[in-house]
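This is the structure, below, for whatever I ask next.
We call the chains A, B, C, D and E, going by the order they appear; numbering starts again at 1 in every chain.
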């Protein structure tokens, strides 16, 4: 959005995903739009179940049946991904668009050696000899800070610590020098020190290679220190999106505001933390209109219709009653 | 260093090692492979720490540093390999049957993973109500009302009695875990990373609940976490563990303002904060040493930016660097 | 605190189980079939045209009459034919199902209980107890059921109880192994630790906590084992180690008719075979679904 | 791992001891072999004399001690009926049974795994459901019945395959095997199929359950995100994971196959151990029964051991060093 | 030409003196001869001995056939015969030795290479019959030979119509024609005997053309084979008689109670009227035609018609349920009682079915009858211990007095009599007659005694005879078999048609 004036790496417009479920249709992703440019890092934040992963899988067209994309467009480097056939998608996945998952323990196949899992990711996309592929794999491991990569290639995932496993996953994602990496909460399961290392690494790698990065997380603090832009999701919709500075320092949406306010570091020690009342409603029982209205102190009767995502203070906000006070 | 008033629970030089028992066949095999070492993990190594009545002691440290093991020793799930645990001033092994049963119930644990710690095939009413009924704290017929009360206390709807764990959100599950622990009317709670798996907004609710319970029931806590923000908010004192040892203990504010041990400093530095613009790129500083590869000297020396040759040889002892602030680092004083 | 404020009574557990169970069409068909079979077996004395166990009712002159033939004394029609003793096949099948169901289900239940307890205990306690119990399992596994059946037969003659015992003895080891391997995984989970720290007794933890979580894979194994118990009983009968010949189970009927398959009198073996097949299919269908139903995850997450 | 193997072998020795004691007591309980084998015209005195000659009049523990003494010197006794060392008798039959069991297991693997994979991947397809239905059939029909039907159909009606017996054998490393000649293979086909059928069904079900489970796993999703073809995902990522339970069950099944080979060998006149043991049980030829059971128990121990080792090969997470591993 | 035969039972060893079981004897008969042979009708005929006679009451003289050659070409002499007669007693580790047939001989000598003199301790008429069970082996080959030597063929050197080619235990035996054979040369230069112990598969093998002939055709398939134009069936009344041993001991019988299940004070089977009633209640005709599918002959004797000692005057019991009821009433059981019949389930043709059928009949006359069938290994031991009230036994013998001695003779471990007398029947008169018969070296006189003894014993229902089994063989069209009453299958008795 605010990136340089080039072709965006990814432009998502009005993306809506549906899951038919027992007569009703659930909409875990509802009218999601954003753009991301080369070298940019976008944080996608929201509570569990807000549709972050579904958005990611929709972009990769990897929704499990019976889920399907029902509307919107996904332009990747100007190409419409929705128009691509499965074969075309497979060529992109892991090649031009890579994804890293939340849990380092489960995203690597426990019974296959690291080299197998790395080499297959290369040979699936490039006509290249085994040996050359192995060299690439070794390089990639070294790049993410794994010492003695030659030995490590022969190891199995369980022989690695969580942090190292996640680094392997990152290395796999980077193998084919993709233009876009989607990271689905890749550090939530890790130690703070390791998380910090990985964040730094990813940042450096993206800047270097001009790779665009979507960083899914529910940790606002991570986004604060790391991303350029941030999109806050709530119940399938983006409720606020803009640069990190704007959104985190002056949240306009009551939900964003509430999230930031409840962080312990923003509160005096030992005092009760301000909390957002209630909890995220399940998809099957969303209120009509603004999904947040039941939990929102500012809600009025207008909130029974869906607010539009509107420009405000250099970011987009989806609220009839944005928070206007300064600071959070 | 245990002159705190009125400790409810006290670790006195406690160690826990995990090793494979070696039987006859194992011995033969060891001879055959000429492998003399016995695989041992010193999960907790000579830890002394006390928790006073009504106190919250935070326990931080990286993954695998022995926090959970220490917590398990506190509630009696594990027996220390060395050292003693004192309960209200008395060594555990000197408690008679009745007293140790009471201790068993009085020290409870809230587990790390709110889902794995709930039996997936039991309903909430049983998860929470089973133990109090089994121990005769309540009558069987009163179970439902008792559990309903507890649920209300932890902020859950009493109508959810008959549900299974999976039918709850993460925050709700954490509350069930808490309700289960306080159902047997404990005085001391070990909270093993109780908010790590929770969403931000829910995390606030649960932290508030802990503080509320502390105020209402006068509970003492051993609060394990690696989220320094949460610990800072909750704890009166904080102990930092690294590879089985406590490397620093200090009153909370003191620790966050004047961290002494290099590991604590590194920990504080890698803690993400919600302040925009603080873009720090931390260089990759080694991979954490593992328990199996400790040889000698300071356990942190391989990752320590300030390591001196002595750190490879001598193991530093805890020293008081400021009132109530203890740290184990050679850089503090060079004399001995 | 929660969005839901109105405390509504939730429907009783069994109602939900029933509702979920019958939401699958195959499972419903399986249940109906099983119910029909069980009913037929239960009511066999009332609905079968003949009491096949009453030797004074059988007439040798009716031997091997084809389906649809009328008996010599004209008193009944052999809808499914008659066997070599002049026994009405339909009646024999109805009574035989009764026996086979009993044999299959009871022996499986016994084997399951023993295996479960042994397996859970071994998995829960580990160490030496585990080693001893598992070697016992090894012994059992290499001991052919034919041997056990023969020893029992020698010691106390043929009979339902002994066959059940022999089958149970032959099968508990399978359950013990399966149960142990699940128990090994489950006992490391935190909910077991939680139960321990709440001061609950070992027995309680074993049966109330560990057992329900180790049961689901066993249910599926058990359903298959009911089938194999029934067919093992048939095999024992085939080898002459089964039930009393005058009170044939389905297996014994099949094996008695076995000889006649080559000579065109297919009904003596075929119809009991079909009955056996239907029975086993029904049990398998029901068990598959039961496992799903017992999985609390299948209950929809409610607001 | 060495410790693991050693520990297992030591435990096995105890298993074998217990086993032989049980068999002794069992055979003793069943009856007296002399009653079955004695000439009809023999007098009571002759009977008593024969019983004494075999030591069967001694107390059971006495007989057992004697057996142990001899066994320690490698003598497992001489068959009453065959008048041949019992162990040799069994070893003589072992290749035939092994050939059959291995063929059956191979058939079970070759058919069961693909069918299970298919049924697991195409859950709701007609074929998937048909596979599951057929698997019920495979499990529920008694072995002997299926065996006869196979003979009826393939040997009598179609005349394609022989009705029974073992084909000509060739020696490989001194072991007579029959699968090397076409005629031998033709003889092997039906009994192996008979023995395999229930196992095909079992493996199919297992493979299906495993596939269902594996397809839900994050690593499969990750593999897709890497852009791998479905063939590679199923053929490598899923397959290797489902093999683990299958290997365990197959090892368990191997024993069952040997047990059921008793029936199959009887029906197909296959000159293997199963037929020998059933004949021996019939006439209470105790040395043969004891030797057989000890051999089978040994096989079991070895197979389970091998299964555990294979298990640790397939699943690198399994550490055999652990106390008293599976 | 080659012949492939499916055998119903496994041959355990080729040592003809090791184990006295039918399959071993049948096979040995292919390779070895006996002094006295048994013809297809069960009569004794010259074998290696061209003639024999009792010189006096305890001395027998056998004249050997001359020019008989063993398989290895050496000539048979009296030396070999004496060796063969001695050999059974040297095989001490046999559970079923042949010593029962040599133990009467107290001295033997060979005055010349073609004459054998045998002496018995007491006058003993059945000596030639006994000798029909002892195979003559070549001393040269069999001296010090072990079982393994016979199995490998090294010691299996006889004078019989076939030579051993290969013995694959449990699978098959390959034989080749003995070109030196002294008798009629077999029509087959190669014979393969295949072990097919299960009934249906054995028949299937014939149907599939895997074998040319099978023995022991399952009763269920007789009709089918008769109807099949490609097959041919041979059958003959066998020497095996099935009968009931009824517990006649003087104590409450283990499996008899009143109908309510309470024990009876006396054993009703001691009453001859009760035994007669049981006999009358059985419709042997129906049993034979239905249960046995025609594969049997109603019996009145312990031995089959045509066998030595068969008493033709004994009538087959008439089916008379009313008479049976009357007899029961007379005996004091107007309401009958409860009885358990025991039988084997893997020994005789349709044995379990026969037991069931009899139970059917007994139920009709008011005896509440149940059935228990057991495998042989369990059955014989229990029956011997007198654990049953009514037990089915099948007996095959070539001499009536022999059968009577063992089956109904007063049980006495000293004399060896009544070793199979499960019912514990005892009548000194019968014993006396049998004793006379056995000690008669004059066949006609001996048969007289035997018939009389049978008359008394069966008249008193010492046992209740059911039927004589038929022995059956099925073969492809174009083959013929000279059916044998002793049920043995001999390849040399098959002929192309």
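Just so it is clear, a contact is a pair of C-beta atoms (placed from the backbone, for glycine too) under 8 Å apart; a residue touches a chain by one contact, two chains touch by 3 or more.
This is a predicted model, so every value here is computed, not measured.
Enquirer: Using mean Cα positions as chain centres, tell me which chain lies farthest from chain E.
Expert: Checked the centroid distances; the maximum from chain E is A.
Enquirer: Does D-E or C-E have more contacting C-beta pairs?
Expert: D-E
Enquirer: Taking the mean of the C-alpha atoms as each chain's centre, how many Å separate chain B from chain E?
Expert: So the centroids are 85 Å from each other.
Enquirer: What's the distance between the Cα centroids of chain B and chain D, rounded to whole Å?
Expert: Roughly 51 Å, centre to centre.
Enquirer: With chain centres defined as C-alpha means, what is the inter-centre distance between chain C and chain D in Å?
Expert: 23
Enquirer: Any idea how many Å lie between the Cα centroids of chain B and chain C?
Expert: Comparing mean C-alpha positions, chain C is 49 Å from chain B.
Enquirer: When you check chain B against every other chain, which residues touch at least two of them?
Expert: Touching at least two other chains: 21, 172, 205.
Enquirer: At which residue positions does chain D touch at least two other chains?
Expert: Within chain D, the residues that touch at least two other chains are 30-31, 148, 152, 156, 281, 323.
Enquirer: What are the residues of chain A that contact at least two other chains?
Expert: 279
Enquirer: Help me check something: in the complex, which residues belonging to chain A touch chain B?
Expert: Touch list, chain A to chain B: 47-48, 145-147, 161-164, 190-197, 199-201, 203-204, 218-222, 224-226, 244-245, 248-249, 258-260, 262-267, 269-270, 272-276, 279-280.
Enquirer: Inside the complex, what are the residues of chain B that reach chain C?
Expert: Per the touch definition, chain B meets chain C at residues 21, 72, 75-77, 101, 104-105, 108-109, 111-113, 116-123, 130-131, 134-135, 155-159, 162-167, 172, 177, 180, 184, 205.
Enquirer: Which stretch or stretches of chain B touch chain A in the complex?
Expert: For this pair, the touching residues of chain B are 62-64, 169-172, 199-205, 207-208, 211-212, 226-230, 232-234, 252-253, 266-267, 269-285, 287-288, 290.
Enquirer: How about chain D: which of its residues touch chain E in the complex?
Expert: Counting only chain D, the residues touching chain E are 30-48, 50, 53-54, 78-84, 89, 92-93, 147-148, 151-152, 155-156, 159, 162-166, 266-269, 271, 275-276, 279, 281-284.
Enquirer: Which residues of chain E touch chain C in the complex?
Expert: 199-200, 203-204, 207, 218, 220-221, 223-224, 283, 286-287, 290-291, 345-346, 352-353, 355-357, 359-360, 363-364, 369-375, 377-378
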